[in-house]
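So, here's a batch of structures to check.
Presented sequentially are two complexes of subunit A, the first with subunit B as partner and the second with subunit C.
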Partner chain A sequence: MSKVTKKNAFHHNKKQPHPLPSNLIYNLLVNNLINISMSNITKTQAPTYYDEVIRKGYSRRDFLTFCTTIAAYMGLNQSGIAQVTEALKTKPRLPVIWLHFQECTCCSESFIRSSHPIVADVLLDQISLDYTETLMAASGAQAEEAMQNTMKKYKGEYILCVEGSVPTAADGVYCMIGGKTSIQILEEAAENAKAIIAWGSCASNGCVQSAKPNPTKATPIHKILKGKTIIKVPGCPPIGEVMAAVIVHVVTFGRIPELDRTGRPKAFYSKRIHDSCYRRSYYDAGLFVESFDDENAKKGYCLYKVGCKGPVTYNSCGTMKWNNGVSFPIQSGHGCIGCSEENYWDNGNIYDRAAIFPGFGIEANADTVGKVALGAVAVGVTAHAIMTNVRKKKILQTIENEGKLGESELE
Partner chain B sequence: MSQRIVVDPITRIEGHLRVEADIEDGKIKDAFSSGTMVRLLEEILKGRDPRDAWAFVGRVCGVCTSTHSLVSVRAVEDALGIIVPPNAELVRNLMFASLYMHDHVVHFYHLHAMDWVDVVNALKADPKKTSELAQSISNWPKSSPGYFSDLQKRIKKFVESGQLGIFANGYWGHPAYKLPAEVNLIGLAHYLEALEWQKEMVKVQTIFGGKNPHPNYLVGGMACSVTLDDMSGINAERLAYVKTILDQGKEFIEQVYIPDLMAIASFYKDWGSIGGGLGNYMAYGDLPTKGFNDPSSFKFPSGAILNKDISKIHEVDLRNDKEVEEYITHSWYSYEGGDQVGLHPWKGESKMNYTGPKPPFDHLDFSQKYSFLKTPRWKGNAMEVGPLSRMLIGYAHGRPEFKEVVDKALKDLDVPITALFSTLGRTAARGLESVLVANWAQEFYDQLISNIKNGDTRMAEQSLFQPSTWPKQAIGVGYGEAPRGALAHWINISDEKIANYQLVVPTTWNASPRDNNGQRSAYEAALIDTPVADANQPVELLRTIHSFDPCMACSVHLYDEHGKHINRISVVGD
Partner chain C sequence: MSTKYLKINRMRRVYVWELPVRIYHWLNVIAILVLIVTGFFIANPLVLTSSQEPAFRYVMGTVRFLHFVASYLFFFNFAFRIYWGFVGNKFAQWHQFIPTNLAFFKDMWQIIKIDILQLKGKEHIGVGHNTLAGFIYFLTFIAFLIQILTGFALYSQNSSWWFPKLFSGIGFLFGSDMALRSFHHWTMWFFILFTVIHIYLVFYHDYVEGRGEISSMGAGYKFIEEDIFQEHKQEIKKSQEKHKISLFNQSKPTQK
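So, the complex of A and B:
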């Protein structure tokens, strides 16, 4: 658009464009989805991210600043910045198919929350979200056709995002769309996808509907799509900014981010909430909330004794926080419920201490810590060491069992 | 000769909905609504800690997020006799208001608008005329010719790229779209602005509940302590933040949502006589101002209206086992006493019984069972719930605030009061109640400040939090008004555990299949006589369905697969 037009604009248009770094999330999403590195996609004439920002009146300097911010955000070094810059400057947009199965749509809602001022750009300028039951204009046959078109036209090039688990009981009839079961739809859409992302705990580990007794046999997608690499982004929902950043990584580097043993991006799931919690010092000092809204709660003490699962939950809530950094559960006075952890619905009650999980046994220690503050640090460290080791052991065992379990469930 | 059409998936809703309709002479002659996904959360809740239920049922829905958690803690508090502190009630009301303001705007622009606004036609608009029009209906600053011109260029480029994304395969150019190009352009501009705005509106929930979607609740109050002298709790900065969000939300609703709603409605007045349906409306009431045990203090009053007769309000009693009953004659479940009986949620029993065709299939058999939703009835009547029901009941009660906004809207549109009983009425009511809720949020905020100023900082009542303090047996009902309508949870606590948990949610009332007498529920009834100009592009059908704001994940019941237990939980959706 021309500068003249901008000057004519009323009010908000008098302002300079927002500094790019503040537009982080959505830009990331938008650009990245669209820009995913597909060499053979260059045949399309879709504008690159660089084209878009220049067109909007940002300078090249703004653009480079933005790239640097993304790179820093992702923990990249200097050469990484160059890669980000190159990717956003030259790569065309990529189509996305977003499926919905046994879900509550909280992942889609979280995703749109992550946007920054140019959230609208995502839809108009950046990604080509060709199928999503939540937002798409078309319904019924026309919706189905839109998905089929993308799968054909962009065979091997589109990203498949899955929100929700897949019920395998009763031959899959507990989730049907267009007369087909979710199993049939998932397998068809996954066959020629460039990359597959499991959004949220439902698609990653089954979430609430898979809690005991799992009446519909709700199944995470990696147990259906055996042999496919799947990026798991657990959480109920995941933080919107994390969802965005995962896509950015794929788009920018043309490959999936480094995953941990359970398939989660290390960048966002390698640390416990406890390790990044601003109330951690109270834990170490043995200062705990004993009951909600008590005097200690008003002082912001540690919520461990009223059930906080931060010590056994791997996620970024403590650092990135929620809804553009406004708060996170612990800051708002309630313990972490562990929503990004596998089987969290069956890992003890919400208000029970994490310590009573099988294999831990630090409860007495925590109480001692509360009474004898002097011993707190040493005991705390020991407790953490125990919990971490058990945790690691459990993860290894889980991975080992998962393949077998998935096979047996499908048989 | 009628023609059967299938719309599956219905998009721009929460969850999975299938509609089949018979079209004859350009109108819908009969319609069938089917919920095609089920999770059986009620079964999962059994045997768990009642204090945890809010987290499980919160996951029923991420769109009307928080509403099930709120009703759940009310159910437990009702069972255990816990009275929450006034501040907690106010914080819950503020989170409720934030949800309504967010959800209704998102529904209007992102889920419903494309039924009325032709995105592609916006390319033909004259930006200058668009600007003049926008400035004539609102003081909203983003209204210059340059603004609309820039936007139009973006859309043009987008369309020319050939990658239409979410706008692909829409019914663009369909003769049912009646708006001038300039109004289409305004609608599209505000679609995009609302997308940015919505992420701000939810931050009230983040401040008090820690995150959104799915903020945290607490039996006995809220966990967010008031701590004016500490950075950890609700202090002056947090409160000021809430105030800013509420003010901006109110401004957007008054200066963008309502003017757009009225402008668009003025071109679709014929929809004031289409899609009326049942004519029976029900609300449970919500937004307490003197504690939840005093329903007379609720901002949204309760009651039922039958046959569009707003001169008479019937009382609704959720504890009376002769009032709310659920049928499964056409639902994929079975009752031990046969498929023809209706059961109060407390006595509910059933097991899954999928008898539909083996997928993949083309059609369902509607003489048989055809949905995972049960069919609730109030004293045998099919009832519509939602914003229209709430507004009509408030209006029928003679509440001045309701009368003021409703009468003004009718006058501005120059339509009779009967126009409320329609697709247009449903869509308009949602906007009008947003205005009320935005105003009430200011009152709740002021009251919260006043309480704190007067020294009352209590946020949670925890004397009955420990299970050791509970009676051996307890039952409770939690209820309220989800954005999509009347919602209730019934809980039965035994030996410190959940023995039974039942949900009857708004979309179950509205989207359910026929009952034992063949009576249609709200969706199916409202579709009758809806015109469909082109059976291959049934945009008119979507208008009526979307006017209800479907939320399917909520609306599927939970049953015992083996039929051994009674009093199962049933989740019927908001």
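So, the complex of A and C:
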């Protein structure tokens, strides 16, 4: 509770136009969840998002600000704002089932702290989280029942959000909830979902628990739900506003956002950090931080040589930034670690640009191996040259004699 | 002196490397050199201190520009060479590089025995590429292809032209751009090792055979002893009769 209080106090200072009592958000959220958990069996007409906004004491202006903000994040044009507004006003709220498997809850944390005032305070309340282990009020059999009810009642209408990877070793016993393995839960929930969203790197590509040696065989969900379209929102965690915008897109347009080849929404993952980095000009100028305590670091030069993975990472951190647009890793003087990229734990050291060369130990990068190979080749070539003079003596002699004869005849 | 018993050879001049092949070769040398040097720089930029204002500096930008220009040169040069592998002379034809029959491998083994392991035996006689060299060049072509695919895939984000964009999906096959970048870097070492061995072997053949191996990439001629030349001619005739002539040999005579 104290965290929430702090967060809202912060908002009040910054931008929030209509300050709310500091613990209102939390109450709204919890009450909302209880309401849904208890009443969604008897509910007949689901309220729209707009109904909920107004019911919770926000003004229409707040609502429109939110629609505009989120439309901007989604990369929509002016007419898109109207579409978002219209959709949120007329469409009933989509129920959300939010599953937690092998994860650290940083995605949830990021989402509930998506820090634009409107996004943070409205959207979380508005998407009705019918089941999420972390935030729901219900527990035990009651919670499981709520999930079953949602799945039955809103068959084909609910959004399934998955946070965390699924362990497949030993028949999935490493992650079990309510007597079911995570594989069973996932497959069951995915069957009739309107859209499936993989929150964070765990669900999208396995993240740290699937790094070598991956003892639990942690598996990203697209490898379990084969043949289903999954919106991957990688990042450790993903940016909260990105998460919000993805859900709003599904609500507004009734379909999943445009995805790239790997299944990430193009609006947020089509640009490299490197291309949106404000330190890019130092990169082009060839001015680099050599170590974190040097003069160049103080000057804010490019972090390329201290292992920044910005050039190989696709995300929106450079433009949307974090924590109410305050900063992002590079702005804080630390290179990008490429957390939204597949296999980033195994690709090499965080503070090193060169990847580990597989099969040659942790210290060996391509250049180390290359130099050794070059030395070996040089030795081999020299040995061969010496051997040639020994083994091919006769031939060499013949050629030499023939040549010398020609030479002598010209005298 | 043993000159009494010395055989004095009459040398036949054979036009082995046509002008386009030679131009390809040297353009390739330039492109690869530039690519390796700038590539190393991009991977690990040198500390170049200067009192210049950052706004006026464009060191990394220039080095990358050179890398990209060289990569285009490299690509189109290679594309041309593939084309020439179908229309060029006997020594430039694709089947000099890609093994299509067992004889190719037998011949390769012979070269490994005589030239590499230097066992005693009949000296190998060839005019163009020997089969082992041809096969190694085939491997380099694969390395070329890997570098082109991975390189343009990395470059695709920098460009709005459709051509590099064609390669943008390749990063996906590797999982991430980090893996792609690493693979690009590793393959580069193949070029360095190849260059060392290649240059050594050119000197080796020049030294052991005395037929102007080094200069052949200059003017295109190699010099073959008359009797070996005739022997070679007979061999080709025999194999042509045996195989009832492949499509390519039929359309292209050996000598111009």
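One rule holds in what follows: the second predicted complex is superposed on the first by the 266 of 411 C-alpha atoms of A that agree within 3 Å, B and C clash if a C-alpha of one lies under 4 Å from a C-alpha of the other, contacts with A are read in each partner's own complex, and residues count from 1 in each chain.
In this text, contacts are C-beta pairs under 8 Å (C-beta built on N, C-alpha and C of every residue); 3 or more make two chains touch, one makes a residue touch a chain.
For clarity, every value in this text was computed on a predicted model and none was experimentally measured.
> Kindly classify A:Gln331 by the partners it touches after superposition: subunit B alone (first), subunit C alone (second), both, or neither?
Once the two structures are laid over each other on A, A:Gln331 reaches subunit B alone.
> Between subunit B (first) and subunit C (second), which does A:Lys152 come into contact with in this model arrangement: first, second, both, or neither?
neither
> In the superposed model, which partner reaches more residues of subunit A, subunit B or subunit C?
Answer, by number of touched residues of subunit A: B.
> What is the contact status of A:Gly286 with respect to subunit B (first) and subunit C (second): first, second, both, or neither?
Second partner only.
> So, A:Thr262: does it touch subunit B (first), subunit C (second), both, or neither?
It touches subunit C, and subunit B stays clear.
> If you lay the two complexes on top of each other, which residues of subunit A touch subunit B in one and subunit C in the other?
Shared contact residues on subunit A (touching subunit B in one complex, subunit C in the other): none at all.
> Write out the stretch or stretches of subunit A touching subunit C in their complex.
205, 261-262, 272, 275, 281-288, 290, 304-305, 309, 311-314, 338, 341-344, 347-348, 353-355, 357, 366-367, 369-370, 373-374, 377-378, 381, 384-385, 387-388, 391-392, 395-396, 398-399, 401-403, 405
> Show which residues of subunit C lie in contact with subunit A when the two form their complex.
So the residues of subunit C touching subunit A come out as 2-3, 6-9, 43-45, 47-48, 54-55, 57-61, 63, 116, 118, 123, 157, 169, 172, 175-182, 185-186, 188-189, 192-193, 196-197, 200, 204, 207-210.
> For the complex, give me every residue of subunit B touching subunit A.
Its residues touching subunit A are 6-16, 18, 36-41, 43-44, 48-49, 51-52, 55-56, 59-63, 65, 110, 114, 119, 141-147, 149-150, 153-155, 157-158, 161-171, 191-193, 195-196, 198-199, 202-203, 206-216, 218, 220-227, 230-233, 241, 352, 354, 356-362, 372, 457-460, 462, 465, 536-538, 542, 553, 558, 561.
> State the interface residues of subunit A toward subunit B in the complex, per the touch definition above.
1, 5-13, 44-47, 93, 95, 100-110, 112-115, 117-120, 123-125, 127-130, 132-143, 145-146, 149, 167, 170-181, 184, 207-209, 211-216, 218, 236-237, 279, 291-294, 297-300, 317, 322-324, 326-334, 337, 339, 345, 349-351
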